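The following pair of complexes shares a single chain, subunit A, combined with subunit B in the former and subunit C in the latter.
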Partner chain A sequence: MMKKILQYGLIISIGFPVLFLLMLSIGRRWPYPALFPLEMSFSNWEFLQQSDSKLFQAFFISLGISLSVAFIVTSIGFLISKFIAYSKQRNTFLVLAYIPYLLSPVIMAVIFQYYFIITGLAGSFFGVIIAQFLIAFPFGIIIYDNFWNSQLKSIEELSYTLGGTRIQTYRKVLLPLSKNAIMLCFFQVFLVSWFEYGLTNLIGSGKVRTLTVSVFNFVTEANIFYAALSCCLLILPPMLLLYINKRFIFFVEKTNQ
Partner chain B sequence: MVVVLPVLSGLVYATLYSFGIVGILNEGFTLENWSGILSGKSFWTSLFFSFYVAVTSILISLVLSLSMALSWKKALQNGILSTVIYLPLCFPGTVMAFFMFQMLSKSGFLSRLGFEAGLIQDLTIFPELINDAYGIGIIITSVLLITPFFVILFTNLYRSEQIENYKALASTFGASKSQLLRRVTLPILLKKSSVSIYLFIIFVMGSYEVPLLLGRQSPQMISVATLQKIQRYNLYDIPKGFAMSILYVLIIVLVLVLLYWRNRAFFNSNQTS
Partner chain C sequence: MNPFLDIQGIYKKFGKDSILTDVNLHLKKNTVLSLLGSSGSGKTTLLKIIAGLETQDKGEILLYGKNINRQKPQQRNIVYLYQEALLFPHLDAFENVAFGLRLKKLKESVIKEKVDLMLKNLGMTNHASKMPSQLSGGQRQRISFGRAMVIEPELLLLDEPFGALDSSTRGKMQELFKSLAHAMQISALFVTHDLKEAIVMGDQIGKIKKGELLQYETKKDFFNDEHSEVHKEIDFWTNIKNN
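Moving on to the complex of A and B:
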């Protein structure tokens, strides 16, 4: 009985932040010691109908950056991770891949910011994409590394033995077999990029206003209701990805077992 | 090379800047910035504060996640909890930090609840849980962010390592429940996850968004302290900021090499993620 109560307590406490942020996002006035905002309306959410609103633009800038980074890392990472996984220096490459992954992205940004300034990439949309790529690419390599194994190598060699060309082997053998790994890499890299703040703010020089940058800007302006609204927008896509991941990828894995 | 080359080029520039060879207001080779950082308090205070926050957060997370993973095995594998436990993974540090700020600050939700319940008569009486000297707010937020990862990790390890079979075997030899936990379950889970735990410590040490929102001016975590030196209006602080970032990179690389040296099996096997 106690176990059940604790479990339900945990479930409620996990859902609480979402409800709390939603409540703040529709709030207006919240003086101390009122438990809830004195005014509640959906007027804050009306930005969805105004394409010139800052939040509307921030949402699509974030989406554009994250989708681009996820697409580039997933495609290039797929090809390069294969060479790394089968290389004799695999472990060296893997340890090197862990460095940007473990170092704070903002420290990395400090280190290579100079080159972004002299090339004119600082403060631009493409500059942020390139900077995030430098952080996310090693992460993609680490995700794919588990996927390339001796069994897959044997299947690939079998395809060549049976007369398959390199393109045919990729299109008909490797890509269908790696569908789940590709989706996993895409989702994970999307999240890394979607959640990123420090590096984006430094390389974007405050001009590339993503959702995470917006949260901090609204906090600085003491506009907690818009900050909460930005937070809601930040957690929506990951929740959707989580649903897709649990509903489809997890289901496919379970049925394959 | 795609990543290593820009990072190395950046490191070269940062090194030259920190030694006064390039950069605005620098007048030639000097060791002043490095000696200032190495002999001064600010870098080491930030480094140890980051280490303290990371280790404390990880230890609390380990206790919580192990308790959950071992007590609620069935619920975490099949029940609604098996889905809900993934939900906190959708929360970026920025969102969790903002949420905790609204919960734990002196005018936050908990303080309001305390006022309504008659526990406090004024918001000034509410304890300082954020922007505090001990990093309590940062630690609580980090624990909330990390614990779900560890719960999922331990639940999966429990199944993949077939710990139930080892426990059954130990039971036939007369092991008690406490011995099963201390001699079988915990050693296997902790040994198998040791590298992930170390990597998480490094990861939390370098966190930026959470301490930026919930930390205070002194002591600061290393990422916040470094960035503040670089972005300050005082241009003479920039070389020191670069020296701090290089030193931190060197320390992390050294720790990573040591980890690799002592745990080659982890990097060789298919459990790197």
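Moving on to the complex of A and C:
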């Protein structure tokens, strides 16, 4: 009984905000004390197609930045984290990895900004990718750190003594075993990048207009209907990732056992 | 005549700690040398150096009279087996045994023939399609042996392979290993801290203590050495019997 209550509680706590956002995104004119908006139509969604709205553009810019950052951090982090995990200076490297989060990404962005301006990277798509990489990379290292352990090292060494080259060992042993860690890192870094606002706004200098930046703009303009509309776009990829994670990865793992 | 494996003057330090000091060892082809040693005696480090997974500070390793110091682990054809079976969790029993053969890119028919024969010898034919998590500790260790033996290594290094098994399974595994080692003419270094297991498994016995190794030419020499602790064991059981 308790379990069911908790399950329903969880579904409602996730489902209600999503439904509320959807309702807001199709709403118009909501004066006090009306319980619901007075008009409901998809005219707000037509706003997505208008060339001056640039919401679609913002969506694809965000997608491009987040996928790039997630891909780069996941692949480079995999190799570097292995080196760090087996290094004698592991603890020192891990303390360094926490620094961006102790200082907060926005403060890091203020520190970076000068260098991005003199290198001409400020206000550019690649500048934002590099800035987000600098923040997300330590996060990737922290995610991977627990994955590398003495047992995995022994399995790797065993593969070598069985005749496996480094490439063969990565391809046939380490990568299949690290599938979950890789997916976890990719999803987490994607989400960090996708919802990143302060650093993106500062390094992007208002020229790189991501979806998160657009949402904040609508919020500051007190345009709740357009803010809700862009929020619907904003939660779409995370929901999709959650579905892929549950439907394919978790399910495949269970059937393999 | 040169011994099959000849280890000369191996030294190893980790920081300031001396792990191995002037270790000398020789092994004839198709024989098993039991290495007795307690925890921290340096036996695992010695095996890892022979396998190429660690490098010694000083000393030579000769296989068939050829120095293999500079060879990578994958070039030595020496398999190191850990106390745990360490089966690849994403592969079933058949694929675990086939692993080394697939690395060599042998024909599928040859792989199937060799793996099927190995599984038959191990008594594991009916478990070929099971994943490691579906096997018992003893079954996992059998597959681990099969995976090592099927590639016909020059030398097998076993680091307390039965240490995690219960006494009944351990006895069965000892018998299985002895019969397989004999049938397949395997040369091996068998590390254990169990005196009885060392005597049962080895054609020869060596003892490693605080990084220094003493190799006995015959089991009789080992028995006669008052420091070998065989007499302590005999006295223990005699006292039990008399009381």
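Heads up, the rule we're going with is that the second predicted complex is superposed on the first by the 230 of 257 C-alpha atoms of A that agree within 3 Å, B and C clash if a C-alpha of one lies under 4 Å from a C-alpha of the other, contacts with A are read in each partner's own complex, and residues count from 1 in each chain.
FYI, a residue touches a chain if its C-beta (ideal position, glycine included) is under 8 Å from a C-beta of that chain, and two chains touch if they have at least 3 such contacts.
In this text, all values refer to a predicted model and were calculated from it rather than measured experimentally.
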| item | value |
| --- | --- |
| Clash or fit (per the criteria above) of subunit B with subunit C on subunit A | fit |
| Contacts of A:G163 with subunit B and subunit C, given as first, second, both or neither | second |
| Contacts of A:P100 with subunit B and subunit C, given as first, second, both or neither | first |
| Subunit B versus subunit C as contact partner of A:V110, first or second or both or neither | first |
| Touching partner for A:K172 - first (subunit B), second (subunit C), both, neither | second |
| Contacts of A:I155 with subunit B and subunit C, given as first, second, both or neither | second |
| Of subunit C and subunit B, partner touching more subunit A residues | B |
| Contacts of A:W194 with subunit B and subunit C, given as first, second, both or neither | first |
| Where the C-alpha centre of subunit A sits as vertex, the angle toward subunit B and subunit C in the overlay (nearest 10 degrees) | 100 |
| Smallest distance from any CA atom of subunit C to any CA atom of subunit B, in Å, after fitting | 19 |
| Residues of subunit C touching subunit A in the complex | 51-53, 72-74, 76-82, 84, 86, 88-90, 99-100, 102-104, 131, 133, 147-148, 151 |
| Footprint of subunit A on subunit B - complex, ascending | 2-4, 6-7, 9-11, 13-14, 68, 71-72, 75, 79-81, 83-96, 98-99, 101-103, 107, 109, 111-113, 115-116, 123, 199, 202-203, 206-209, 212-213, 222-223, 226-227, 230, 241-242, 245, 248-249, 252-253, 256-257, 260, 264, 267-268, 270-273 |
| Complex contact set, residues of subunit A against subunit C | 151, 154-155, 157-165, 168, 172-173, 176-177, 256-257 |
| Residues of subunit A that touch subunit B when the two form their complex | 3, 7, 10-11, 14-15, 17-18, 20-21, 24, 32-35, 76, 80, 91, 94-100, 102-108, 110-115, 134, 137-138, 142-143, 145-146, 149, 194-195, 197-198, 202, 212, 215-216, 219, 224, 227-228, 231, 234-235, 238-239, 242, 246 |
